[in-house]
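Each in structure tokens, the structures are laid out below.
Presented sequentially are two complexes of chain A, the first with chain B as partner and the second with chain C.
Let's turn to the complex of A and B:
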């Protein structure tokens, strides 16, 4: 209710925001589309991780711990230009396992559609075809490797599967739970409303990250990665239902007294029918906006939970557990590419935030 | 005033009670406990385990355990830490103080920066200013807190200007209060800066948008038309009119800060509630977990209560209502 208030007030006192939003309408669909297309693209890329990533997420090359990003070359040591980029074979220099040198005599051309590690796409198609890569003695780590010599780019793509979809599914879960409980509270009112909203308030009051971790605490620590994934999603989803529930309740409460609802009730419609056909569809816009607000929050939640070692575990990558090794001082200082999993969410968050902003403006202009 | 405050405080107390019950119900549903982990040690006999279980009251049903915990909380113990063999409160209090040492300055500093800056930006209606502002705050909002914490650590490691993690320097054991204070505040710089960075963008946006809304109103236009000086217009007339939602935001900012603080404490090795909570979770030290979550909730409720008091002082409408 609290954050519904200012909106309602501004509607009465000042009609100008609606007018403004209306006048600037031409520019908007395009801007909305930009963020939307970017998000669709990144989700598709991440889903196709097996094909796009040159290596599998758990392919280790112990000869290349913390190898720096491999450079793609067009001009070779003799100064000759090549149309197709190539890489030099990289070798450890000395015994200290930190310095690498490029061997000028051994080159490998960048290949497209070559065979490599096997993978399963979308849980159904088995394949070993990769979009790009290099043949065996050489290796191509475009974003470097981690301490086990695993390709950071491949792990980022696979990790995106976990992190992005964890956020998405958890938000869907939260919004669904919020819709259900908020609708019931708003529809039946009285005692039911009181209990449901007090309960929601508890979830909103507690600093949600503490609650999240505490709820996680009461679940077993040693579990398989798939279970961990589902567990983290459901915990995040459950902890976050309070806010959407409040929003839905507010919408239903005001819609309940509208004429078409009263008319339907007059014709003998039951509460359940009213909710399904007339009231819940009204909440769609609010919930869509709420989704775009919650998803980045929940992606971050998964990242942090995995970062703290309470989420998805090795060898499966998530942006959070990939970042965990950067807590070691020598890794943090020496290998900047280990911080990339922390940067990866930034464009995603920017897109979601811009989407949320646009949707909120639209709701305002509709009211 | 007293009645209004008492009502709000009562509400907070009910909230805390609800949270504690919720946590206990969750605890009941959880598989395994501290004793279950001891079972792995073959030197401890089954009888000893059963004895321990009875001693800690873990063999009793949930309502009984809850009541026992309420009793011990009333005495100020807040249950018992299995791992450290002390009342949970002896672990919680110093940690709570350390967390407050970070969060209170962070809240104050971010509001002190965001309030004047936000008002000034709201007053500047140039297109470019808006662009820069929205670009800057969106970027700040999109930066994951983990990354901010790690970057702060990186700065400490690379420049060597600031201490790397921790709250005090180990070498300075015997020292005067003044030295201790200087040492701690030196350690505070980076964590507090990271917290401020995590909070600033959100507050700035709200300050700007609510002041902007007031500036668009007819009475502000009238005041502008009468030729009032710009700064006086902004700070003397626009800001108080926009204050109401901002004061509510103050309570909310405490919540955001506590969540960010947990992470920063863990990454920067600050001995606050965060690292203790994490450790207690890993060792299944359940009363400490409950205590830590309740403490953070209590901080939050205190923040909201403070916001309520401020609102009461600043907004005559609320005084009229109560």
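Let's turn to the complex of A and C:
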């Protein structure tokens, strides 16, 4: 957790309050551990989705539309216990695609480290090795399938890549833009401050959802769904710079009159130097807290945008577009497992919110 | 007192026809229906996607407006939605000249508009004058123009009208269906002032709107509901001599989503439901007994879904990327390969739960009268698709990506409206099918109006999954789509001359079938059109969904049909078996 404990500058024998502020988390028991570990774990899991998921996100098994979650068995139909879990082969019972039957005569053992659909890990490593699964022609859908026979678990994991990182990218863009413009406004004051803050207010009041609809309609059709999605996320992020900018401006405004800043200025430090060396580091805690608040907000924004069909396009999954099918009456009443993507963001939001809360507490106690 | 006043008013209204008779007006020539005699009273609530845009039948183009207006208006000759045959309506009878260029129509005598004003040939003349007036821009005008020339309308006497076509016209009296007869006494002034297209908006007081339909406007609650009440002057009676309609009121409520409509229907808040998706049909099936409703699968309808490539000529210079890809799209072997790669049975099974039919052309195999049965069912074969692509100069890279003769990867977007979940799912299945032959198709969902604008106006799209509904089983209404100068010649809009020899041939054949009166000959000509379409695939025809509808069990005379409006086309005959108060 290096980012929580910035190293003291070696060139300065007398660290500025900015550096003291940066070391504010030292020496206390780390009560945020669970939230942090959970977030790290879930991000690692979704990054390794290709390996962990038994299938690719777009693999359609048209023989299994809306298949319910596959049951893992240890005891077979004859009552015999098996050490390794296994699944029974299931088949559609009729034409209405709602009933499946288990064939007790055909079983498939759960295998580990087996070969399957190809994938690219972290954008660099190509592989087809999967953590677990069953050998074809049997299938194992632990969270069921959607209407095209695509494995919901695999799509949930791949969808996490889109939803979680969309939140992260958008929040990072917001905070960076907010830091830059807020710092300039706070540092230079006067007309620069007025203009920057009026713009911030305009951006805060922009109805981002309608803006997104307009942006999506004007994007050329030829660009790939991922590019279109990144553009949409960038718009969400950039529109959100207003609040972080106001917070940064407030910190800079109060800090620029403090003695160590005035002293540095007295020694001939330029505005740019003061900002970089003394003032911006003071905003670190505020920005960190803002990140933890903004990331879940932007994850939710992605989920909403995709839920309404304006996010990433098929066949790429996100938690929002997976949940979109729950808008349909028949899905709501017939296929409960299609609602699971709606639950996926909940622990993530809880973890981010408790992180934000604890950081807030620490900032207050520091002040 | 209020009650007594209302009763007196009701009695007065009921007596009006006999008062008129006593005053010497022509006796009413009523139409006796063969429907099951029913009980008077009750309300039927129908959910529609949105409220109607207008009550003006001249300008109504959306289904919601047409659905409401058709209940308030009547036509001379009507196509029975159940039998698909023509039957008399305001026209008591008609005769067609031997050369097929003239239809002489005898009107019913003694009929009255819903405001009590009498109806005669002058209303018919006025109506057709309005529809044929180019300045009015009525969508019905296209149907009344034959071979580029308008039909002539002549009054022979107060109840006889002669229609003269510039050339023999095969659909003959079918042309009169859904051409509403307008009340001259109410609309003449607006027409003369050039304001008729703005007449009868949603804010027009109900008493200023009148028609010859089974119902008349009672109440408009903007954004919420439109209530129609029974027209006491309606001209149909049942076998017992009871004047139709049976229902007191017909209420149309706006429910934007189909899922919302399903929930309302299940809760009993609306009593009939049209255009159910196969998914919802399956979900509702188990509830039928408990909730006292009945679902009906009435078989393949006149709707067809297709994948269409942008073949418009005006993309040159405006959209270089589309123009580059049109070299592929214009190659018939490419279109055939795409068609062969698509698993239509997968679409039928997964999206429509086997309640749809795979299509080779826009004609549904269920339409025995017009379908060309010799055209084989569409084939699904990836190897055949690869073979076709190879002969068209395409090849594959080592990673399986399809590239054209210049080495460019074959990649295009498929536009689809976000409001239609079945078509969005079709696009996703097609995308996966095309991936199997190395084509990267990107599905782009967009709001319906943006999609329509791109297809009809800007032509800024590469491929699209969309659907169309034929207005009639007869081939002639397809002229708009199939003929190169047609208003909805979707794949290449605004062609001045046919862009290809096969389009020129379709133009010739469609013109010929329109003036060929002999059915077998006409069918033979139309068979050729279908052969060309199946071969050239200007649209890659996919599936035609079955018409799935539902109604409360105690609704009498419910006879769903495959032509719109599927469930309430015979609203005047519908009645409640249970006592009127219940509904």
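We adopt the following convention: the second predicted complex is superposed on the first by the 318 of 367 C-alpha atoms of A that agree within 3 Å, B and C clash if a C-alpha of one lies under 4 Å from a C-alpha of the other, contacts with A are read in each partner's own complex, and residues count from 1 in each chain.
In this text, contacts are C-beta pairs under 8 Å (C-beta built on N, C-alpha and C of every residue); 3 or more make two chains touch, one makes a residue touch a chain.
All values reported here derive from a predicted model rather than from experimental measurement.
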Chain B versus chain C as contact partner of A:329, first or second or both or neither: both
Chain B versus chain C as contact partner of A:350, first or second or both or neither: first
Partner chain(s) touched by A:201 [first = chain B, second = chain C, both, neither]: first
First (chain B), second (chain C), both or neither touched by A:259: neither
Contacts of A:209 with chain B and chain C, given as first, second, both or neither: first
First (chain B), second (chain C), both or neither touched by A:78: neither
First (chain B), second (chain C), both or neither touched by A:339: first
First (chain B), second (chain C), both or neither touched by A:58: second
Which of chain B and chain C A:105 touches, first, second, both or neither: neither
Touching both chain B and chain C, residues of chain A: 213, 216-217, 220-221, 308, 327, 329, 332-333
List of chain B residues in touch with chain A within their complex: 15, 18-19, 22-23, 26-27, 29-32, 138-139, 141-147, 150-151, 153-154, 157-158, 164, 213, 216-217, 245, 248, 255, 258-259, 262-263, 266-267, 277-278, 280-282, 284, 289-290, 292-293, 296-297, 299-301
Residues of chain A defined as touching chain C within the complex: 58, 60, 62, 65, 95-98, 147-149, 213, 216-217, 220-222, 224-225, 228, 308-309, 313-315, 327-334
Chain A residues within the chain B interface of the complex: 2, 6, 10, 13-14, 16, 198-199, 201-202, 205-211, 213-221, 296, 300, 303-304, 307-308, 310, 320, 323, 326-327, 329, 332-333, 339, 342-343, 345-347, 349-350, 353-354
Residues of chain C touching chain A in the complex: 257-259, 262-263, 277, 279-280, 282-283, 285, 321, 343, 346, 349-351, 353-354, 413, 415, 418, 421, 424-425, 427-429, 431-432, 435, 442-447, 450, 460-462
